[in-house]
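Below you'll find the structures, each written out as structure tokens.
In the two assemblies presented below, subunit A is common to both, partnered first by subunit B and then by subunit C.
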Partner chain A sequence: MNKTFLKNIWITILILPSLVILIAVVVYPFGYNFILSLSNISLTHIRDWKIIGFDQYIKVFTTVTQPNIYVIFFKTILWTITNLFFHVVIGVSLALVLNQKDIFGKAIFRTILILPWAVPQLIVALTWRGMFNYEYGVINAMLTQVMGLPPVEWLKGESTAFLSAIITNVWLGFPFMMIIALGALQSIPRDMYEAADIDGANWYHRFRYITVPLLKPVMIPAITLGTIWTFNNLNIVWLISNGGEPQDSTHILVSFVYKAAFNFYRYGYAAALSVIIFLILLLFSLSFMKKTRTAENVY
Partner chain B sequence: MKNKFIKYLRLTFSYLFLILFCAISIYPVLQVVNISLRPANRLLTTSLEIFPQNATFENYIKLFTEQPFLIWIGNSSFISLVVTLTGVVLASTAGYAFSRYEFIGKKISLLSLLVTQMFPPTMLLLPMYIMLVKLGLLNSYMGIMILYTATALPFCIWQMKGYYDTVPFSLEEAAMIDGCNYFQSFYKIILPIASPALVITALFSFMSSWTEYIVAAQVLQNTELWTLPLGLKSFESNFGTEWGLYGAASVIIMVPVIILFLVLSKWLISGLTLGSVKG
Partner chain C sequence: MKLKYLILSFFILSCGNKKEERTKITIWHQMRVDERVILQSQIEKFMLTHPKIKVEQVYKETEEMRSGFIIAAVAGQGAEIVYGPNDNIGVFSSVDIILPLDTLFDKKFISQFNPKALTYYKNHLFQIADKLGNHLALVYNKKLLKTPPKTTDELIEIGKKLTKDFNNDGKIDQYALVWNYTEPFFFILFYTGFGGWVMDDEFNPTLNNYSMVRALEFMRNLRDSAKIIPRESDYQIADALFKDEKSAMIINGDWSWSSYVKAGIDIGVAPLPIVNETGLNCAPMISPKGYSVNKNISNEKLIIVKELLEFLLNEENQLEATKLVSTIPTQKSLYSNPYFTNNEIMVNSQKQIDLGRSMPIVPEMRAIWDAMRPHYQAVLNGAKSPKQSANDMQIDSKIKIKEMLE
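And then the complex of A and B:
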């Protein structure tokens, strides 16, 4: 009796501080955000706001915004898929190459390849913004001086500005996938490959029947997390496009919400859109996890 | 003979691939260093040299003498240290409870922690911002430290829990038999074993608050309270970026982070993957 009592006190001491803080600064604001999304709060109604129902949600879907909310949604999907595709392909390829046993200088290569992850995102964004500069940027200098091509107005064009943001984000994101894949590859025992060699397997067989199945359970949580992070990555889009330039055409959903909230003070609208983004991600994660888990059971 | 040829071909392509991506990874970093060392009359140049001609430290001197850069460093260090310390203490204890004990609401709490990862950044920022306005905590460190801790904590708890899960239960049992109480067996036996995870948790908490811009831009509007990222961003504008100051400030902000990151990268692999395999 005394012992279980002691144990319960111990568990309470461990968990209570985090619980109190998380309720105060995560759960409560989450609920508050939901209430705000049902209200008419804005800069003019910051103290005397009242609940008005689902009007803000209806506004999200029906108000004609500049740019159109459905276009932004499509761009967000395009942004997420393109980024994730390159992160995984580049990251896993580098990990596979690094994991060959006769490569020298692995530690040095790995250290240099992690650099993009180590550089703060703010500095990444501002530096690439400088590199994309029309007159003085290095990228145009390379295009004109090394390849003899005409310079590109990277940050002024609608599609090139978006492309600039994607290139920047691909650059900073591949090391995460590389590190995860490398960790998984290192945990595959070498004798598995040797046994496969004895059985006469070629490189494709080894890759298809040993590497891929053992890489998959580690990569799937990483890809889920990566998708959520990329979908919600406000920093790069916001800073590369300097808040959506040119003419608010470079937005993904989160940068659009940020602008609605903090540049246009449409708090209720922003709160509603935040809830919608959250629900999209929740649905995606649930279905993705479910699908991949059933896929695992089939194996 | 043919096998040897294929081997050399494979190695050549492997090294070329690695060197190409190393160049891509390192170039923007060198670019920042390059800009920070340029003399004032060569800030805007289209030359492709890696090291500037007539390299000089005048940008760094200007940064410390003509700008309140030391104040920003002080502000950022204070905020980052408090957030890191709080984060590590809370995540290491809560993560331990989630890994070792059964209690009411454990499953739902763990799930909720995962779900917070799906919050868009505005989901907490907007209500917290309005709450801070009402409480009069805008332009205070209290507000921003709470926000930083709140956003980092769920991931850190999961990370710690994942690591504790790989440490066998029998260790505590043995310690208890030897006369340790709950606290002692956690503090003396398990925490030292979990140090790689602690280090990674500390690194992430530190990095996120040391380099965060978007939240700080809304909460800290008073220039005296500015953190390093706000100061850095103030050198950049549409009409004329102070490239020299920007470069020097960037180098000073990123060097400690990069060094920490690279030194700890050995643990990064074990800490992260163990966490995610279990997660």
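And then the complex of A and C:
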């Protein structure tokens, strides 16, 4: 009894530092943000703010904003799904290629393909913004000089500016999925494929019944993480569109929150919107993990 | 026993190494790299004569500094001194986080400065600037253009001659003029040239009027009819075109001029042209950059801060900055200094300042910028007519001001 008690004390002591850090950097800010979301804190009430209930949440759903909050929400979903789709498809495809046995210069290709991930997002965004320039950008130079197509005003149109941000983020995001998928592929025992070969399986059967199920437990958490990161990726969309250009049409929810909080000091409103974003992502993660049964053992 | 000795020796060593406590003063600023180097050297000079004081400068990006300082100072924290453009002052004093400087400095000290360097809000002085301006002017490459245009008609006439397709491939190789025309800050000078201003005396937006419509039309015509500016140009593109000598003129602020000199371009600075239709000068917004003091500061530190600011704002230090980064000083006595009077860039920069209009420092200005931006861009994109755009700007700015001040 005494020994167990001492053991528990020891475990508590070991856990305590991380628990304190967790409370300081996660629980406290989250709790404080929730309190702010129930308050009227803003530029004019920064010192004398008070709890006003769920008014800010009601405002989020009912006030007509410029741009419209529901349009922004739709764009955020579109942004997340499109990015994730290409991150996974490109990432897994490249991982499958790099996992082949006899590829010349595999290490060099792997290094080159990881590069987008290693470059700071600010540099990437500003470089791509220059590349999308109508007159001097390399994208239009390729379109006109190589493909004989007319130049596109990438950063001026609502849809083309949004597409520019998506292209940049796809380029930035696929290496993460590639690395995760490559790690998972390398851990699949070779004898499984050999056994499938003996059973007469073709490449599709091997991919469908061996690769996919064994990739799944690794890829699902990566996709969940990727969804959360992409949904909340302020940097790329903000920098490529220069803060929502053109005409505030390239906002996603998180850039709209940023603007409300730090450009207009609407802290209460921004806090309420960020709690809503948190709930959306929480519900998505829980239901996605449950539906895909990632926690279950595949063997 | 050994452990006891170890603890004892550690204690003795710790005592022996203990340095005398220095009072630390922190300055948050958003200065450019070259300005930061000057500030650091001046801080070091100050610390040499004040060994018990440690002054630290911390760079923050403009928006980060503004919001960071608000959050920190409301919580009783933050840097003792904050440095930036004076449009911060309205917000800072609205949330009561900066000290009125007329309680800290006497009238004699304050009277040394150009009145444009002193930012008052609700009858109190909240900022003393060390640099005047932060203003736009017409910068031209003397190799490509000998005499800058004085009027908008001249601008178009000269501009057509300077816009060139050297190799006849249908692509323009040299433009007459560039600037960052995604930002309304750069557009204001046309609005003022056509007789408009952003707000009335009660801080209500004044954007839906004939001046706005004409200014928007004029700007669009420069691109689509006169074709003397590129189809698309943000800050980076405009800057690169001018540095690569692919543009004869650029409208840019005093912060950028020294970089053109460093890039080897023989530049001239001229006041922005007069609009023929109105006879008015295109007037940029003027926003001095200077120091404010955190209201939470202790009395002990306040004495040091006073001394430090007196040092940083003195003639010698301002002249040093002027020589190195081509900024307009705020000490009145320096305006008769030969360096200033014999320097063509300085003289013309001063002329532009005299023709400019002070940027409103009230918080409402942020909402107006934000409301202007999308509708102004919509005109350039062809998505809206100037008339519609002016109307929408006005409506949006009222909504945004209401939301911000609720």
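Keep this in mind: the second predicted complex is superposed on the first by the 278 of 299 C-alpha atoms of A that agree within 3 Å, B and C clash if a C-alpha of one lies under 4 Å from a C-alpha of the other, contacts with A are read in each partner's own complex, and residues count from 1 in each chain.
In this section, a contact is a pair of C-beta atoms (placed from the backbone, for glycine too) under 8 Å apart; a residue touches a chain by one contact, two chains touch by 3 or more.
Every value quoted in this text rests on a predicted model; they were computed, and no experiment measured them.
In the three-chain model built by superposing on subunit A, subunit B clashes with subunit C.
Once the two complexes are laid over each other on the shared chain, residue contacts for A:Val71 go to neither subunit B nor subunit C. Of the two partner chains placed by superposition, A:Ile81 touches none, neither subunit B nor subunit C. Using the contact criterion defined above for the overlaid structures, shared-chain residue A:Val89 touches neither subunit B nor subunit C, since it reaches no partner. Shared-chain residue A:Asn263: touches subunit C; no touch with subunit B.
Of the two partner chains placed by superposition, A:Leu149 touches none, neither subunit B nor subunit C. In the superposition on chain A, contact of A:Phe30 is made with subunit B only, not with subunit C. In the superposition on chain A, A:Leu43 makes contact with subunit C only, while subunit B stays out of contact range.
Once the two complexes are overlaid on the shared chain, A:Ala195 sits clear of subunit B and of subunit C alike.
When the shared chain is aligned, no partner comes close enough to touch A:Ile51: not subunit B, not subunit C. Which of subunit B and subunit C touches more residues of subunit A: that partner is B.
Two complexes overlaid on chain A leave one subunit B stretch from 55-63, 235-243, 253-261 or 271-279 clashing with subunit C, and it is 235-243.
Residues 46, 126, 129-130, 135-136, 242, 261-262 of subunit A contact both subunit B in one complex and subunit C in the other. Interface of subunit A with subunit C (complex): residues 42-44, 46-47, 66, 126, 129-130, 133-136, 153, 155-157, 242, 244-249, 259, 261-266.
Interface residues of subunit A facing subunit B in the complex, by the touch rule stated above, are 6-7, 10-11, 13-15, 17-19, 21-22, 25-27, 29-30, 32-33, 36, 41, 46, 90, 93-94, 97-98, 100, 102-103, 109-124, 126-131, 135-136, 138, 140-142, 145-146, 171, 175, 179-180, 182-184, 186-187, 217-218, 221-222, 225, 228, 232, 234-235, 238-239, 242, 253-254, 257-258, 261-262, 267, 270-271, 274-275, 277-278, 281-282, 285.
Of all residues in subunit C, those touching subunit A in their complex are 63, 67, 70, 74, 91, 94-96, 171-172, 182, 230-232, 234, 236-237, 240, 363, 366-367, 370, 373-375, 377-378, 380-381, 383, 396, 399-400, 403-406. Interface residues of subunit B facing subunit A in the complex, by the touch rule stated above, are 7, 10-11, 14-15, 17-18, 21-22, 24-26, 28-29, 31-32, 35, 44-48, 89-91, 93-94, 96-98, 101, 103, 109, 112-113, 115-131, 133, 146-147, 149-150, 153-154, 157, 182-183, 207, 210-211, 213-214, 218, 229, 232-233, 236, 238, 241, 243, 246, 250, 253-254, 257-258, 261-262, 265, 268-270, 272-273, 276-277, 279.
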